[in-house]
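For reference, the structure I am asking about is given below.
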């Protein structure tokens, strides 16, 4: 690798090393989890650190394309690109991974021997997610997508013997691979249409569009459509969202946090990379369609969340709605990426925090979290009650909470792009959002009936929830530092 | 008439569609999974056809990598199906409907 | 020095201090919270003192750019309209905190929420950046929601949820309109998007966009006021809210709607304001008559006062959309007076609720015999609210009636009947609760108002009389800002403010001349 | 000319195999159908001068993957009852319509021209020999080749995690 | 000396505040004397300023105090002219006498100081009304007077009927005030100011006759509310629930006359609207007739006096209606004295009879209460319009002026005479049933003469009842000359020749004597005549006017608000809100049905959505 420095792929390498180390030590140390637990934590933080280094390198202008072994002159398409997008994705994935690990610690503790496998899988999953964002090559994005998805299929079904866990795993697997196959077919068709697999580099899609205007864009459009299908499925935007509620409910609560957050971060980063980075000349084709999908997601997400009785399903449907709001940011094109990043990173922390609380209250491997079990939570443990309330307020888009800043900036960007009707649908669905979020909150503070089982969250779970709640409030009241960072997190 | 790349691509599309049909029709998880493998094969065919037509080797490299990914997918898929089979003693997908609404 | 920012931050600091009090030292909570609510009052009075009366422009202005790329800035200023709202807020909060002496369960959270609520409300009245305004406008929902849902009475869950959802629907339209307006301003200003109120003044709209934006803002503020069809949340919210919550809800939160109309709807969309003046005034008048009529038959005293607020706010809307100087300045004065009178009434109801734990009028009878001082103050506040001359209610209502007649004669006459209905529901309630023999044996042992309780009510009573007898200082500060709005409407549209609607063209009487005329008669005739 | 004939034959075989896989009542026959499709595809690759890919197809796909499938089918046991037949006829018709619709959409997209990419950078008569493919893989795609390591590790861990089953061990989480 | 005039308002107000806040500490008699002192001092201050008018040296002036509501150009200012001087004299004069009387009457009441606080408050409010220099300040006085009457009527609030009466009085007044406010609105839109001087000066030019009629009629609605004229008279009889001095001060002498004063003050506007004047006159006469018809059958002594007041007010309204403002004011003045005397006399009778108000249980009090007997006798003769007494002069002047107007007004004059007859009849009935005939009270009651503090005011009032009429005999129209400068803008009614006036006077005198002669023997017997005819019953119940209002206005009003409260809010508006809520969640559950849990279902949706997306992309992208 003469001309490729180690930094651009540092994230994946650290994660892989960490995972293998965890497995190795897990085998040797066996039962004592204490031994390899810190390794996983260090790995996540190290990769986040690598992200920071990448960020600094990019901001010093030494970002750019990195090729593998061959000599420069005949190198055509780069495999790795280190730009604001991938660096920021690394930081966020690293931190969210770390917090999710803390959050899922109760689950890991309860898995006994298999816990090292669980942690290794999470490490590799995060690596796969980052791979989706760091490469301009569409096939490699597919590979990253598959890496992450496969590990999440396993995580979903990790609780052996539980009917719901298996059901969610199989559903996630079948539908996931179907969507990935569609995505891949999209890549193939795009390859046919543009003669290139990579967005940047010599024979790249960008160069292709700078020199030629396709007279018969049929196949290109079919390719784009199919790639959209794959990514819409991943970020669970309606009407491709139907897997989300069943999988979130079936999967063990501890693991779902990372699954929900990671997939959204990587999904939207890939969307930004491919469609805003690559197919920028087809903007006036895909933007209106993304706007329509955004609207459908908002409406479907909020209305169905309204009728849910299980908190995990409610969070799943609200995830669909949040994808709608994020897509509204995408509608703004390059200008929409900073709000999208702000929104998705704060949402990631919130969703991890929320699912950690669910795992604390309803048991780490629980596959059902009826909202009634949260009634009177403030009485049973005021701390958990207030933290869940804060996260609920954050998610509902109340001002001075992170959700609000992200959402309103998304609306502003969508408004600028001329999609005011989408903004109106967005604000009205937010109101429906208030309804179901506040129903949870009113449950928390209502004088619940006799259910006074004591809740004692483990130190790490409590730490994870506090971090996410603090992030929700902090970035709500003082959003500027994150906003300045996010402004540079753009693809080349 | 001479053999053009369009034929291959059309065959690919046909196989892909049959794969999709397979996923929808069959109730046995295994056969559904096989249909998905068929779809991936169709895509590989498309990749190779286009790479031949444009003379770009990347297509074939992509095909190879796709096969590797498909292999990994198969192992995991079968593992899940076996796990499901163990708890429900049947791989019938329609019984997997406990979570809905 | 940025006195407005200090004013907004002070209650937050107070909230943090109270929040950090050690959990077991519950007896510290009440005094510290009360102490923490005094500095904002001092700051507000400082602003009132240094606010130079005649000048109509924005004073104490502050401008810090927050997010360059999205044109959001921390812009604060105060003018004639918002000045008294700020002072009213800063006054009502210490009073309502003082009145929640009897709150014991989770007292600390209660006080923290109250102080956060104060920051929110102050933010609404002071911020001129629409984005920040909207943030404060909506953040107020949470503390109020929690106050009602955690300390309310029976079906507080329903009432609090209803309160939030009604307001949230309104703020949904508001947010959409603000975003659209921000984008429009940005386009016409060259930058991408800008939310600064002052830049928005120079934005040209097509008439349909102006109408759409006006309606967007108007729906949010109409629900907040509450204007006639959107008012059903108010009685539920009031009956369930704790005393302090009700005082703040009626005293200040409702004013955010009318303030919004004055500040944004009339100023930013003059043509739409002129076109929709009559329909909104009609809704206002319906609110007056309907609110008063329904208040008459309410079984629960708090619901009665809540419906009376609907009626009074109807007056304010009528005054606002009469588009005359008297109408506008009258509505600002009535906003202040309604805050004081309804605040006093809710405090009183709270005090008796602490003793008897019931709000049903039927449970009371002959209370005046048992608690004469209480009865006296209640009657005083009731009459102030019914618009008895010499008290602040009259100044507001009378100025509105006279002012609104200039442009909406028929509506104002109907609105006048509100004065009768007000007397009916207040006196009938007073009669059933206070006069007659003591019906309910439980009432025998009730203790009359203590010194602390009278001390809480004293500032309100003094202000009610003060504004009632000598309202000139208030008018001097309000009128210039109101005149600017009318000038802008006249400039932007072909709406002609009716004759005498300007204070300048009122006939000024010089009393010396009259003396000579009458002397001259007598002399010659004598 | 010979190529066209070969293509037509094997295209037919592939299609028949695929349809056989979908409609076979017994899952073993489906597996056989898939196997025939895979072999015919291998021939297609040879037609397209991509011998390396053909070889990989035969060894990995037909060889390893299909045998794994057959093994699992045998383990799970072939039960006729769950053949696709049990559904309502209209469901079958509907899926046929969906599949046809999908095919029509893609065909429609490409009705004029399928490949609009430029072959400026392509080698004229590309022959996908092992050296060419290897040269490319270990040249540009080295990083990707290394990332495949992650993928396969996950596959290994995942299989163990899901299906490792001590016959005797008490399933502590079974109850969940 | 006019610059001290604001004290006339400030002192009683101060008295009210002192009594209200420190009443309990001051204790019973002192707070009474304190209140009396403040009113007396105000009277003393006003006397020199009034005398200046009598001697011709005084002149009308407007004293500016402070700018009250700048937005509508309203300043707090006092207009000092003969009319307001006269009213000040009446209010403070009779007011102080009644305060003195109340010190005795209210002895032993547990809320003694509060009573005097409210009485002082009333005097202050009346002073604001009378001295106002513009309509707005007058309206302030107008409503404050309504407030104090509410407080005083329901003073014994433990009695539910008293509380209800107070509420009724205030609400009916408020209805009148609504008319008043609308008039103010029209005035403001026409003149741009409320100041009397400016309005009256520019009235002929600034407004058309139509506007003037509208203003005056609406002002009359306000006056009707306050002076208990026909449509809004129902509150005055109930107001008798209040202590008798209250009835004397407020419901006889001062407050009820405010309406007449206001009409007199706006004489210029009324002159411009002859139609309005006619309507006012007709309503006045009708009220006088109806009230008189009811008065004759009442058994409660205070009810008789109440209806008599309404009737006499009808006379005054008739007077100002036909344009004889000075005659109206003159009758107002005389009525103030003899009606106050009658009420105070009745008060001392009730006081003596241990709060017994039913005349059928009285009789033969002549011997027990000589002073009350003599003074009430004077008042009885005055009100009946017997020659030397004040009532005769003022009532005749009004009747003469009505007759002089000619045309239809002759009919009104006729009805006026009939009312004079009825007045004489029921006053004699009252006088005879109370003082003459066989004593009908039960044993345990020992009627005795009231103490000095009560009898002195009776005597003073008795003197005035006799003398005040003489100041405006046709020979020397001193009174008219005194008020002249207040009405300089008003066209003078050409005075009747002395001859025709005296004829009319004698006719009225004869009518009065007939009335007395008719009633005297009827009631001066041992057992009272049975008044059980159908007419008597209906008259006793005031012709059911209250019930009619109850059925036509109050009941439907209550039903409407109940409908609004029970169905409009919860069902219609909340219904809509819940409907939307249910609609959205319904839509949600419909979508929920699509979430079948079947993997193949999801796959199907995925495939179909994928196909559709391709087609949409191709179509949008221009593939076709």
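Which chain is which? They are A, B, C, D and E, in the order written, and residues in each are numbered from 1.
Everything that follows uses one rule, which is that a residue touches a chain if its C-beta (ideal position, glycine included) is under 8 Å from a C-beta of that chain, and two chains touch if they have at least 3 such contacts.
Keep in mind it's a predicted model, so treat the numbers as computed, not measured.
Counting only chains that touch, the fewest steps needed to get from chain A to chain D is 1. Identification of common neighbours of chain A and chain C yields E.
Distance from per-chain Cα centroids to the pooled protein Cα centroid is smallest for C. Using mean Cα coordinates as chain centres, the one most removed from chain C is D. In terms of the distance between Cα centroids, chain E is separated most widely from D.
The interface with the greater number of C-beta contacts, when C-E is set against B-E, is C-E. A separation of 66 Å divides the Cα centre of chain B from that of chain C.
Between chain A and chain B the centroid-to-centroid distance comes to 26 Å (mean Cα coordinates, whole Å). Centres computed as Cα averages put chain D at a distance of 102 Å from chain E. Between the CA-based centres of chain A and chain E the separation comes to 78 Å, rounded to the whole angstrom.
The multi-chain contact residues of chain D, meaning those touching 2 or more other chains, are 95, 98-99, 102, 105-106, 108-110, 114-115, 117-119, 121-122, 140-141, 144, 148, 151, 154-155, 158, 162, 165.
Within chain E, the positions touching two or more other chains are listed as 581, 592, 595, 597, 599, 603-604, 607, 610, 614, 618, 623.
Shared interface positions of chain A, defined as residues touching 2 or more other chains, are 77, 139, 143, 146, 150, 153-154, 157, 160-162, 169-171, 174, 178, 189, 191-192, 195-196, 203, 216-218, 220-222, 245-246, 307, 435.
Pairs of chains meeting the touch criterion are A-B, A-C, A-D, A-E, B-D, B-E, C-E, D-E. In the complex of the two chains, the chain A residues touching chain C come out as 335, 338, 393, 398-400, 404, 408-409, 411-412, 415-416, 420, 423-424, 426-428, 430-431, 434-435, 438-439, 441-442, 445-446, 479-480, 483, 487. Those residues of chain D lying in contact with chain B across their complex are 3-4, 7, 11, 14-15, 18-19, 21-23, 27, 30-31, 34, 37-38, 41, 44-45, 47-50, 52-53, 56-57, 60-61, 64-65, 68-69, 72-73, 75-76, 79, 82-84, 86-87, 91-92, 95-96, 98-100, 102-103, 106-107, 110, 114-115, 117-119, 121-126, 128, 132-133, 136-137, 140-141, 144, 148, 151-152, 154-156, 158-159, 162-163, 165.
Across the complex, chain E meets chain A through its residues 581, 584-585, 587-589, 591-592, 594-595, 597, 599, 601-603, 605-607, 609-610, 613-614, 616-618, 620-623.
Contact residues on chain B toward chain A in their complex (touch as defined above): 9, 12, 16, 19-20, 23, 29, 32-33, 36, 39-40, 42-43, 46-47, 50-51, 54, 56, 58-59, 62, 65-66, 69, 72-73, 76-77, 79-81, 83-84, 86-88, 93, 96-101. Contact residues of chain E toward chain D in the complex are 604, 607-608, 610-611, 614-615, 618, 623.
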